[in-house]
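Which chain is which? They are A, B and C, in the order written, and residues in each are numbered from 1.
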Amino acid sequence: MHASGETSRPLVALLTDFGPESWYAGAVKGALLSTGGELLPVDITHGVPAQNILAGAIQLAASRDTFPPGTVFLAVVDPGVGGERRGLAMKVGDHYFVGPDNGLFGEVLLRAGGDESIEIVHLDRPELWRETVSPTFHGRDVFAPVAALLAGGMPLADCGSSCDDPVPLDRPFCAREGDELLGQVLLVDGFGNLTSNILAQDLASFLGGADPARLCVALGEHRLSGLLGTYADAPADTALCLLGSAGFLEVAVVGGSAHRRLGCGPGEWLRVSIDDSAEGEAR
Amino acid sequence: MHASGETSRPLVALLTDFGPESWYAGAVKGALLSTGGELLPVDITHGVPAQNILAGAIQLAASRDTFPPGTVFLAVVDPGVGGERRGLAMKVGDHYFVGPDNGLFGEVLLRAGGDESIEIVHLDRPELWRETVSPTFHGRDVFAPVAALLAGGMPLADCGSSCDDPVPLDRPFCAREGDELLGQVLLVDGFGNLTSNILAQDLASFLGGADPARLCVALGEHRLSGLLGTYADAPADTALCLLGSAGFLEVAVVGGSAHRRLGCGPGEWLRVSIDDSAEGEAR
Amino acid sequence: MHASGETSRPLVALLTDFGPESWYAGAVKGALLSTGGELLPVDITHGVPAQNILAGAIQLAASRDTFPPGTVFLAVVDPGVGGERRGLAMKVGDHYFVGPDNGLFGEVLLRAGGDESIEIVHLDRPELWRETVSPTFHGRDVFAPVAALLAGGMPLADCGSSCDDPVPLDRPFCAREGDELLGQVLLVDGFGNLTSNILAQDLASFLGGADPARLCVALGEHRLSGLLGTYADAPADTALCLLGSAGFLEVAVVGGSAHRRLGCGPGEWLRVSIDDSAEGEAR
């Protein structure tokens, strides 16, 4: 769509918990743009719940797929800033990631395809960072300069020493328990939809060949039946289960908020089972 | 201001109800930017109240004017995603619009100038979309790819079949009732200003030649007098009426929030009349 | 990092109190981008507390440093829009600033280095503005066009008449009172950190040569000891003092919100003293 020889600016996609009311994200973008290279900062979100590494990790993994090869993801949810925790940069497939080594990239690593190469370094070359590094703002002073260098074409290996033990993400996994699949709510989005930790493939393997209409989900005191395709498949104000766009089983209320209607949020247990009764129809 | 021959990137302006705390807008921007073309995504807002088509339609129409010719507006407030509702793309004057066919573009169409050409298509060419289309995320999988193609120069007619029956916007209009003009509050902004559904031209026609200072507005239990030019025309903490920047009659409180001070929000009735008494001065 | 002769787009960095849920910032970006020049709008934040000039001024000064030379800062916190207050544009060092003359640029001016040149004009050339100027939206109609012109290379002096009396920022300064340094909380960020009005250099001069570990800070009913380097230097849930990334003394709670935990917000007094007792250790 553009003249040959002309190249797009490399993208630096930002995901942080700085809050939309803060100047912090602006300072990071300034640091990215003052390195002299051509790059385009793209805000994914700055509204990850404060210091919630798990939420940030899930959102980062969910948003990764649409970005073009070469994109550098600069992710900062960093309760341990300035302490012992290391910084890292990594290449997974054709994407780069820069941020704190605290599990924030753990979901990306978990989901990395078998055919995707993974290369990780610790950020231990201060000469690449801003001249003065604030002990409370590595997003601006350490991660942004490194992200800009990667966007400008610096090889990953030049950003630091090879690392083979990144901190894993501490997150609950769903598990079989007798006839049930036991999961938890991980996130609530702005619509009040509840994202669980049950990946589409976990659910498919649990269902085996069973009709998805026979799915039963117990959530708090509520009991939902059937796996629907989309919000529009049920009448208004109905609670339903579907596979959400982050790749997980999701509970939603049509035209409303499942979070408020069902009184459930992160941490709530989901018990998934298969209805053995004859009819097998979604209620 | 730039060397001749060099062209600006086409703009894709985004307006959604995804919420600033969500990764959804980021995924849409990734999808826009991975199509290979040169374009610049510009966030209008991702804070339209969830699933509020009316609010989105008003904000879209209000923000349209400043954008340059060729801008593609990608708007997503989409409670019916994945169901029967169609997607559409349209050209109004020199602007393009892409999103769900649910009334979201209705205010733009209502306000289109008599000299503006209007051309509308339904999105029925899946080969233009992302390979896999999630039934819950057409913003990313359907609308973004089409918006990117339009930004890259694809003719509108190539995006789908001609459409002459877009879903109209379901919104209250102001109406004459005896000596009064009866309107409603449509929106509250971040300052607490109340935007009504009374357009400047409706008000002018209602006033006829009468002095705007003789305007009376009853709102809940409150009674406001006179049409002021700007917030600075009244003392602090005063409630006043003016023509807001969205083109509608607006109620504001100087240095405060009309929403909180007057206890009024969307749906509240406004009764507008002309003061017949002698003095005719703003109180 | 890019071919010689190729230049980066000039940046226009935006800081406003429009709120992330509003279309106002989008309209301003449209106005910037419709001037025909090549420029890149960069959102710092649109979440400055409504009409809070002080908060905007502090955040603007804090975020300025990372942006490259030539950046134009378009800042709008403008309770007096449409009234007597003037608009201004200024050049401080290599940065430009455009917005209302109400103190919003006062902190930038206060902190300007002795070696930085300062040049200020009032915006009194309507022929540079949008054709129709709404009395309630100068961000879109006056400031954006001027910012775009400056980004495109127009000399500051061509934007208006020279000004030597910009409205100063009305903000509390910290002061010595006997053996104490008396300050106030200016801002709360999204993590609940409390930013005071005590600049790092004020604190250093107050401490003289004393060990920072002997610092005592009384805040409401709370008493904090020692100046730590970063959030990671104390156990979880501990309240601590450190020098924040905005350049001010900051009170934080490790892994939590000082705002909620200490029950303190903007305006709260801080009494800073030096512990004369023998041990001099952070508690």
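Keep this in mind: a residue touches a chain if its C-beta (ideal position, glycine included) is under 8 Å from a C-beta of that chain, and two chains touch if they have at least 3 such contacts.
The structure displayed is predicted, hence computed values, not measured ones.
For the self-contact between chain A and chain C, the two sides draw on mostly distinct residue numbers; the shared fraction is below half.
Fitting chain A to chain B on C-alpha positions gives a rotation angle of 120 degrees, to the nearest 5.
Centroids built from CA atoms put chain C at 31 Å from chain A.
Counting only residues that touch two or more partner chains, chain B has 20, 40, 43.
Contact residues of chain B toward chain C in the complex are 1-2, 6, 8, 11, 13, 15, 20, 40, 42-49, 59-60, 62-63, 65-68, 71, 189-192, 229-233, 242, 244-246, 255, 257.
In the complex of the two chains, the chain B residues touching chain A come out as 17-31, 33-38, 40-41, 43, 50-51, 79-85, 134-137, 140, 144, 152-153.
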